[in-house]
Structures are given as structure tokens and as C-alpha cells.
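Chain nomenclature is as follows: A, B and C, assigned in order of appearance, with residue numbering initiated at 1 for each chain independently.
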Amino acid sequence: MHEFDWSSIPGSLPFLWQGMKVSLEITISAVVFGIVWGTLLALMRLSAIGPLAWLAAGYVNLFRAVPLVMVLLWFFLIVPHLLESLFDLPRGADVRLISAITGFALFEAAYYSEIIRAGIQSVPKGQMAAASALGMTYAQAMRLVVLPQAFRNMVPLLLTQGIILFQDTSLVYVSALADFFGAAYKVGDRDGRLVEMLLFAGAIYFVLCLGASRIVRHYQNKLKTA
Amino acid sequence: MFRLTRPLAVATMLSAAMFSASAIGQEPTGTLKKIKDSGVISLGHRESSIPFSYTDDKQQVIGYSHELMLKAVEAVKAELKLAKLDVKLIPVTSQNRIPLVQNGTVDIECGSTTNNTERQRQVSFSNSIFIIGTRLMTRKDSGINDFPELVGKNVVTTAGTTSERLLRKMNEEKQMKMNIISAKDHGESFLTLETGRAVAFMMDDALLYGEMAKAKRPSDWVVVGTPQSYEAYGCMMRKDDPAFKKVVDNALAKVMTSGEVEKIYEKWFLQPIPPKGLNLNFPLSTAVRNLYKSPNDKAFE
Amino acid sequence: MAYNWHWGVFLQPTATGDGATYLDWMIQGLKMTVALSLSAWLIALVIGAVIGVLRTVPGVWLSAIATAYVEFFRNIPLLVQLFLWYFVVPELLPESLGTAFKQTHPVLQQFLASMVCLALFTSARVAEQVRSGINSLPPGQKNAGLALGFTLAQTYRYVMLPMAVRLIVPPLTSEFLNIFKNSAVCSTIGLLELAAQGRQLVDYTAQPYESFIAVTVAYLLINVVVMFGMRWVEGRVRVPGYIGGK
């Protein structure tokens, strides 16, 4: 039977809190940027302009085909140095946080665009037809009729994807950036208390994510009754 | 340098010539130039490589290798005659340390990196800072005393280490029918041993002593076996930068031959260390003693 | 950048003397990734479908249990779950059972723990897709089924599920792609799948970029195959009358 020793936790709380801030910062920036860029991608993909649709599909499929870890690794090790040599920037800046946010945002946009596309497609065709019949242009119909309905249906999925993203921030370990999970892991490894630190981290994630998904649920129910 | 006004440039050259024998008549090049121009040196460090390079509860980087690296930084500062040299600390992992040295994010990395010929293709190594032997950790009552007794057993080692390589080779060559488990890091390797999935954990002896000190009951464990290899830890720097390497090598050699290093050794290997007051109790080996007597940058193998 | 490219590294015999080349290692890793992901996916589909349906049925207890299941597996990071399955669960089992598990071949232990972990993790997500598929159906469909004299089970079986399944194929494609990528996490407990073999290549040869690129390309290949397969399925099941339909 495993013996537990939780003594590593109190001393490491400030470090864990730093890590939590990194996790939240990455999550929030990636969700905001991801939804904006994802919506554009979804619209491009559904548009009647061939090259646009083709480009968006290529982007989405590429990012969906590569594991997030690999994307982060590319954005950490290779992209910054390409940019540095292209724009003659000073070398060796600490790009860990910015590269993580960029990698996450571009990656998540691909997922958001799929959710949003499915949301748009779930709106019955008649809505579009009705809007056109009222004399709206395609853009007006999208903005005023289709997108509001689609987003309404999609909000729970979008937020749920945000919760998944929050859990995935642990993958930033590739750049030795300490998010909450990474901080807990490092302390556990250093003190030989991995199991305890990971159980602790798991419990915190569970409480936060459960809380967040309850809020999503509440919102969902409100939508239904509205 | 052409942006400097002429008198200033001359003064710089003069002072360089006057105070530094190695810089007579030439401006620093490569990494030294980069450090001089920016006034910043980037150090790569590990985060949980006890007691070589790790962070304490206040997130200060500490450890045996780190202390030696700071000696090298002092030497660089003196060499370049800088009144002020900013130190930038960049945490690295065993996965990204080589690319980060190569692409200029990190100027020098001292942690627990083995100097070997594959890595010499990509980076250059300083004078060695430590020598380890690869041995076994096992439960005191396991009855295992050396490698031949591992026939048919489950043995754990950490992925990507020389131990993994040696263990696999031994298994092939001597037909030992061991089941080799490669865990992601030393902490997980020890967990595999502790939960009874493996009877022994093969690794660098210094790291085994580190894991043993971290265990819930250190006295349950013992390090045994004839060392299967010796390995030299060194600091990594960019390849083909002899001027920078020379400054670092000289600094390390001075610390070793002056006897200063023995106090540093004692501090990290024979006394309680932060954050939890663990004591590794790892006596100075003959190999390390010999290194201190005659510092060199040779890889074993 | 001062990097020495060396693509020939893949054809070199490995340093362990096992007679394989590094390319063989990568192929073994690829096979392991595919075997692990497919077996976990099948289990996830079955469990996810059951749990997803249970979440929409009127019974309070059934849907509460299903909800708890989903919340548990969805709100803890995969890596933590993997740790629990591999390191903690065997310690909590009755001692004889735990020891028996730990005495089996290490690769079998790693594979089983990884498969169970990935399957349950993914099943919670599949369940959510199934539920949202069912919930997105107009309530009239269920009422019409019941009005025709179908039992609730029959309404699910003949009216709602056939429709819901067609609606959730696109989001399920995402989950299917995810399981391959999520399987990379299993290298943490020492399972030699694709990502782990890639890492091994870095460790043994000090050629990180060749390895990153090879691993990225291998995942791309897997995903291209899956995407084409799923696109075909998507095309077959598209529902006429919806914007996505033809």
C-alpha cells in the first residue's frame, strides 16, 4: 500500500500559483484568439469562393493532424529563430510564453472552426433562404440570422473546448515553461513525491474544471428556457 | 564596432590589450562578443536535477553544477572587463537543451549533461565537472548484488540515458532475458522500483543517491554493482567557439586545481541540501578526485 | 543555425545491438500508436454511446451516474489519469490482484493501463457528443415516435439514434483524430509508441530536428488516412435539408 506524504505542498504553493497564472493566461488568450480566428476560418470554409474554402480547409486539416506537442515544439524551437533571422531581431529573447500562446491559439483556432462550422451547418437551411427572401445579403444573413443561432447552440461546446484547452496547457513542458501542472510535476520530481503532487494537481483541476462545466451547464439550461 | 567613435574604439582596444593576454590586438568574437555587446549572458539550467542543478522553494537556481557555472560567469566578466554583467537564467529540459544551445537562446548549460561523441557533433563541451559510474539501486532485502543476478528480471532505467543503452546492449549480448522498462524521468523510474514493478534501477550513481535521499525511507534502499561505465558531465557551449571555451575551461580548471571545488563538493554531496534538508551522503569517488587533479574535457566511451 | 543535418541516421543500426535500424524503431512505434489508439477507440465508442444515451433518458439515477462518469473523466487532465491507472490503481487493488498485475510483462502492463486510460478518457467525450447530438434533435421527433406507439427504447433505436449518429459524425472525427494524438501521452509511462521512439532517436543520435520532422510526418500520415476515411463516412451520412447537406 502506498504511503502518502503531503509535506511538499505548503512550501511550493507560491510556485504553484505562478504556474496557475501561466495556465490561465495561455488559456484565456488562446480561447479569445482561437474563437475569432476560428470563426473566420469556418466562414471561409463555408464560403462559395473556392480558394478561400480550400485554404481554410488546408489550415484546419493541417493543424488537426499534428499533435499539439509537436506544434508547440515547432513554435518554440524553430519559428522564433526563423523570425529572428528574417527580421534581424536580437537573439536569445525569452520567447517561451509568447510562443506557447501563439502555438495554442493557432492550434485551437482549427478546433474552434470545426465546432463553429458544425454549428452553422446545424442551422436549418430554411433560415438562410428566409433571410435571402427578406432581401438580406449573404453577409447580413450570416451575421444577423445564422451566426447568432449557431453560436447559441455552440456556446457550450466552445466553452467545453476551453476547458479541454486549460487541461492541455500542461503540454508547455516542452519549453520548460512551468504551468500549473508542470510546476506540480517539478516539485514532485524534486522532492520524490510525484504521486502526491499529481493527485493534488488532479484534484485542483477537477474542482476548477467541474466548476467551469457547471457554469456552462447553467448557461445551457438558461438558453433552453429562453 | 564601427558605430563607436574612434577614440573610444581605440581605448577599448588598448584596455583589452593591456589587461588580457588572450585578447591582444583582437576584439572578442563569437559568444564573447555577443555577451560583451549585450551585457547579458544566458545560462541554461535544469529544474529538478538534484544536486547538480535545480530550483529551491523560492525558485532560486542552485546546485553543484550551477555553482561551477557561476564561476565561469565571473571569469567571463573579468575577461571582458565588464563592470556589470546581467545573468539571464533559462530552464532547459533534457529534450531541448541541445537545440537551445545551438540556436543561441542559451550561451552555456551546466547541469547533468554527459559529454559523448554524438553530442560533440552538435555542441562543444567544457572541462568535465563530474564523473559518474552507472550502477544499480535495489531494495536492501532483494538479494541483488550485481548485474549478472538480473537474469530474467524486470529492470527499470530512465529513457535516453547511457544506462538504458548499456542495459539493452547487455541484454542482447549476454542473452539475459531482462524486461527493460524505460521510464520518462528519474522520479518515475524510482516510482517503478518503489511500487515493485522492477527489482533494480540502473542509473548514474550520483543520481541514484539523489533518488535514495528523496525516498520516504532512504534506509530501505542500497546502491550496488560494478560500474558498467564511467561518464563525464560537462557544460555545453556552441561548437567552434574556442575563445569562449577557453575562458570557461580555465575558470573550471582553476576552481578544481585550487582545491576550492572540494568545498563545493562537500556542500552538495555530503551535507543537507535545500529545500528539505536531504543529505546524499555520496562520498568523493576516485574518478572525480582524479578529475579535480587534472581537469580535462575528454568523453569516456 | 549551427546544425549538422544527417538524414542517413534512420538507416543506421541502433546503438543497442538489437539488429534493427532507427527506422525500424520508428515503424514499431507507429504500429504501437495505431494498435493502442484503435483498441481504445472501439472501447470508447461503445462506452461513450451507452453513457451518452443514459444522460438523455428520463430516469434520475441513471442520468446522474452517467453525468458523474462524464464529469470525472472529462475534468482531470489525461496525464494525471494515466498516472492514476498505472501507478496508483494497482496499489489500491487487493494485494494479490495488484501484485499479479505487476508481475505481468511490463509492456503488457503499460499497454493495458494506456488503453484503459485513453478509452475511458475518450468515452466521456464521445458521450458528450452523443448527448448533444440527441439533444439537438427537435423534440417533435421523440414525441412523434412515442405517439406512434413506440416504447422509449424503440424511439431511441428507430427514430432518434439513427438521426443523432448522422449529426455527430463530424465532431466524432475530431475525437477520433484526438485519440491518436493523445496516445502520445502514454510515452510517459514508458510505452514505446511513436512519440517515445522519436524521443529515443534524439537521445541515441543527438539529431533532434530529423526526429521532430519524422514524427510530425508520421502523425500527419495517420491523420490523413483517418480524415479521408471519415470524410467518406461523413459524405454517406449527411442529412439532407441541413446546411451541411447536399
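Heads up, the rule we're going with is that a contact is a pair of C-beta atoms (placed from the backbone, for glycine too) under 8 Å apart; a residue touches a chain by one contact, two chains touch by 3 or more.
Quick caveat, the model's predicted, so the values are computed rather than measured.
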{"item": "Pair of chains joined by the greatest number of C-beta pairs in contact", "value": "A-C"}
{"item": "Remotest chain, chain C as reference, centres from CA atoms", "value": "B"}
{"item": "Rounded Å distance, chain A centre to chain C centre (Cα mean)", "value": "19"}
{"item": "Distance between chain centroids, defined by C-alpha means - chain B, chain C (Å)", "value": "39"}
{"item": "Distance between the centres, which are taken as Cα means, of chain B and chain A, whole angstrom", "value": "37"}
{"item": "Numbers and ranges of chain B residues touching at least 2 other chains", "value": "95-96, 99, 103, 188, 191, 195"}
{"item": "Residue numbers of chain A (touch at least two other chains)", "value": "2, 77, 81, 194-195"}
{"item": "Shared-contact residues (touching 2 or more other chains) in chain C", "value": "1, 87, 91, 209"}
{"item": "Residue ranges of chain A in contact with chain B within the complex", "value": "2-3, 5, 7-8, 11-12, 14-15, 18, 76-77, 81, 90-92, 94, 173-176, 178, 186, 188-195"}
{"item": "Residues on chain A engaged by chain C in the complex (per definition of touch)", "value": "1-2, 46, 61-62, 64-70, 73-74, 77-78, 81, 111, 114-115, 117-118, 120-125, 128, 146, 153, 156-157, 160, 163, 167-168, 170, 181, 194-195, 198-199, 201-202, 205-206, 209-210, 213"}
{"item": "Interface residues, chain B side, partner chain C - complex", "value": "94-96, 98-99, 102-103, 118-119, 121-122, 154, 159-161, 164-165, 168-169, 172-173, 179-184, 188, 191-192, 195-198, 238-240"}
{"item": "Chain B-facing residues of chain C, complex", "value": "1-4, 6, 15-18, 87, 90-91, 99, 102, 105-107, 109-110, 187-190, 192, 196, 199-200, 202-206, 208-209"}
{"item": "Of all residues in chain B, those that touch chain A in their complex", "value": "34, 38, 40, 42, 47-48, 50, 54-55, 57, 59, 88, 90-93, 95-96, 99-100, 103-107, 185-188, 190-191, 195, 211, 214-216, 275-276"}
